[in-house]
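Going in written order, the chains are labelled A, B and C, and every chain counts its residues from 1.
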Amino acid sequence: MTTPALLLGHPLASQENARYALLTMSRIRKFEEAVEDLFGRGMMHGTMHLSIGQEASPVGVCMALNLEDQITSTHRGHGHCIAKGADPVRMVAELLGKENGYCGGRGGSMHIADVETGNLGANGIVGGGIPIAVGAALSSQLMKKGTVVISFFGDGAMNEGAFHEAANLASIWKLPVVFICENNGYGMSSSTELAFNLEKLSDRGLGYGIPGITLDGNDVSAVYEATEAAVKRAKSGEGPTLLEFVTYRWKGHSRSDKNLYRTKEEIDEWKTKDPILHFEHVVVERGLLTEADIAEQHRLATEQVIAAVNEAMKGKPADPAGLLDAVFKKVSA
Amino acid sequence: MSDRKLTMSEALREAMSIALDERPEVFILGEDIGIYGGAFGVTGDLYHRYGKERIRDTPISELGIVGTAVGAALSGMRPIVEIQFSDFTAQAMDQIVNQAAKIHFMVGGGLHVPLVLRTASGSGTGAAAQHSQSLEGWFANVPGLKVVIPSSPYEAKGLLLSAIDDPNPVIFLEHKLLYKVAGTEDVPEGAYRIPLGVSRVVREGKDLTVVATGIMVTRVLAAAAELDKEGINITLIDPRTISPLDMEPVYASLAKTGRLMVVQEAPEHGGFINEVIARVVTGPSLGHLIAPVTRLAGMNVPIPYAPQLEKAAVPQVEDIIKQAREVVVNWR
Amino acid sequence: MSDFNYAVIMPKMSMTMEEGELLAIRVNVGDTVKSGDVLFDVATDKIDMEVESPADGVVKEIIGQIGSTMLVGAPVMMLITQTQVMSFDFSTPAPEAEIVTEAPAVVAQPVIVAEVSKESVKAVPKARTFARERGIDLTSVKATGPYGTVTYEDISHPQLSAGHDDRKAANRKMVAASIEKTRGIPQITLTRYSTHTTASLEQGSAHLVSTWARILRKHSHLNISTINETAHSHVGVALIMESKYGLAMPVFKDPDAMPGNELSEWITSTREKARDGKVPLAMLSGATASIFDLSHTKISSAIPLLLPSNTTALSVGAPDGAFGQSIISLTVDLRYCDAIEAADFLDQLVNAL
């Protein structure tokens, strides 16, 4: 299957944009449901972290980016990867440990990177990608690339030293980076109430001279608008912005999560704030898309993901023979 | 070019200057490397010659520095990071160990991290336990990192240029006692490169094969000169890079001497010298041994402060002489 | 909207889970359920978990039995849903994701067992290799290294093994005892320079031995046994040599009867064996005279001592550096030969050389 081309612009700017935003959010959700099913059948190794319920953030952000703009992602990164344009066949193949997976079976869910779409990689270390994003932004500045780097991270990462050191460096050097905190309410089981003495995590930007904005992370239009402004600011040399997108993960932290730290009522309440449903209401209200249009996007998303899984299943299992040679990049003569 | 005796600081600076001239993507970042010239004066006047963009002073922020360098390396640059003391790499370990070392492998080869991390290593300055460690063993235990330990100004320049060329992260451990010492070999003015992963036979002798790196090369050479007078002749091999580790010259030498001694400043327990021993006793050289392998390393203690304590904690020339003599005399 | 049939399966919930026990079923056939409603409870090797409905729908069929243990992937119930739930049943054949590496058939190889006796010997690795290559039993090698370890030198240049000193002492006693027997015999030792030298010396002692044997054969009254005063039918020259046990005195019988080069080879090979402490049994008796050839040493002269039952003993010293002359000494038993006669024999020898 082919990956839909990246689309740049406001999700509500046109029918095409609205369809693209909906299709991409739906693809992310279907992809993760598929992955969950495969894991549940014992066909997938290891663990995984699902972002179901958080789809507006990656889609809204990436619609504000060019292909050359880069992102760093997190352990909960399937959405970022898809929204930046990755090939779902290679993603599923990676999760199934196939040779044709993005990492040749060496990385799995937490380490998918896609150089062609500017994805510098998910990261298994909380906060690990933040300084890397700052470094990529330094590279952009030094090489005058005119690109921006998006650093995705969760609320948990904001208590890691990496965030603080990286934020400070980005600010003093006015680097073209946008810090995006997807605050889904919990760092594994620690709620933001327990982990922060702050109402708005974006206030942390102040300490580094970085403007911080908190907004509804389930509103793909709001996400887009805030990102677009921050990207503009970054590209014009004014430095980084910290955006906090308030959202919620419907599923557990990972597969073995019993949800002991939160209530069913809380989860149910957030399900009513489903970013996909929310967007559907908006586009119908504005007369951009019909119910049939919407159903068609979901059908397409489902079809694409099923095709991706079927295609990925055909791949060859990753071969241990090449492991040692993969550690270092060959020194070219 | 004759009679160019440089210090290791000067040789390293010359290598960086050549790299800055050769490649626009090379830049240096670290604490106090700009107008101050580096905590040990290694960057010196580079700030004035190449400007603040490429000789980039940073806040005291080791994790941020290394992480930024990793990101820059992923995106087309070739950063040289200076961490003032190797002890401070502990602050940046996530970026070194979990990020730089593994990204190329984890993502299936699509990304690579051409990064050099230079840092001052070792004891002897009275700086005590948090500014004197020899941590090469930590790094050598992480697949994906190359670990270089230069033993002289000539070696330092050639190895650093190769490290900068390398597409992988390289940890470059400079012994602080060697910075200000002029080498015995001339350092050519232009660029020359010493390949990583190739051991050097520093001197040859019939009785004992000694493997040592960095400042211990200097100390073993001094010991060997004394032992020559007693008719005990030492072969000294400097691996130069302990990861990857080139053992072939060690095996070849053991076929002649039959005796192995390994020397390091780092604490004995878990140290890199044990890898050398392991490869000898599990490999092709076992049958050549005519004596038990002997090792001389730092004591398993934090580096102490008082000069006599500090000296006692790491191998000195006299210790090397004594132990080398014993193994040769006792095992015929 | 169309309806979809969806099988809710026994899900894998942890990295190690392979099967789960169905603890409770919370719904009945015909119930309407919403996405997120709990359908059943599962106990795994690690934790107990509630399994939720993935979508809104109606329970169509319940397959699992409460209390039963079900494999991961087995259907527990069927739902009819309004939205298509992601579902992939690749149940047969087994998914390729699992790499099953077939262990190669192992053919039992005879294991080379080290000889038990060697296990207790401490030896450096190179000494072991050396011993193995040459078939040397390490237990027979005297260990001089630390901790009683056999060093490489112990085996490659053996100092002498444990029993050696005893044998050497015994040999010394035997030689001394035999010389003691001749102590009371009236004897005289005559000495003169000889200008023979290099050419004859180069054949080892062969020229000397055969020349002296010829003279003895001519003068049969010297070639007798002093014990029973009967003439020997042969001439036997005992040549004093170095051995690992001190001195050896192998006897060369009728050396004058064989070609010079053969005798020379015989003496050379005997010398090697003697050095190793191994003189052929046949050469240990039958001496009618003895020669102590010191020409390859730095000793200029020695007084020859008579061996029991012999009438003569001869010694040759090292040639003098300046003049190329050696000192030859002859001791005779005065009961069988007077001094003037002895002087004549010595002259004959020197002239023949």
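The rule is short, and it goes like this: contacts are C-beta pairs under 8 Å (C-beta built on N, C-alpha and C of every residue); 3 or more make two chains touch, one makes a residue touch a chain.
Everything numeric here is computed off the predicted structure, so don't read it as measured data.
Asker: If I average the C-alpha coordinates per chain and also across every protein chain shown, which chain's average lies closest to the global one?
Answerer: B
Asker: Consider the two chain pairs B-C and A-B; indicate the one with the greater count of contacting C-beta pairs.
Answerer: A-B
Asker: Distance between chain A and chain C based on Cα centroids, please, to the nearest Å.
Answerer: Result: the chain centres lie 69 Å from each other.
Asker: Any idea how many Å lie between the Cα centroids of chain B and chain C?
Answerer: Here chain B and chain C have centroids separated by 42 Å.
Asker: Going by the contact rule set out above, which residues of chain B touch chain A in the complex?
Answerer: Against chain A, the touching part of chain B is residues 25, 27, 53, 58-59, 61, 63-77, 79, 94-95, 98-99, 103-112, 143-144, 146, 165-168, 196.
Asker: Spell out the part of chain A that touches chain B in their complex, as residue ranges.
Answerer: 70, 72, 94, 101-107, 111-115, 120-121, 123-125, 128, 130-140, 142-143, 149, 161-162, 165-166, 168-169, 172, 326-332
Asker: Enumerate the contact residues on chain C facing chain A in the complex.
Answerer: My answer: residues 9, 11-15, 17-18, 35-36, 46-50, 54, 72-73, 83-91, 95-99.
Asker: Quick check: in the complex, which residue numbers of chain C touch chain B?
Answerer: The contact residues of chain C facing chain B are 124-129, 144-146, 151-153.
Asker: Considering the complex alone, what residue numbers of chain A touch chain C?
Answerer: Within the complex, chain A contacts chain C at residues 30, 33-34, 36-47, 96-98, 250, 255-256, 258, 264, 267-268, 271, 298, 302, 305-306, 309, 313, 315-318, 320.
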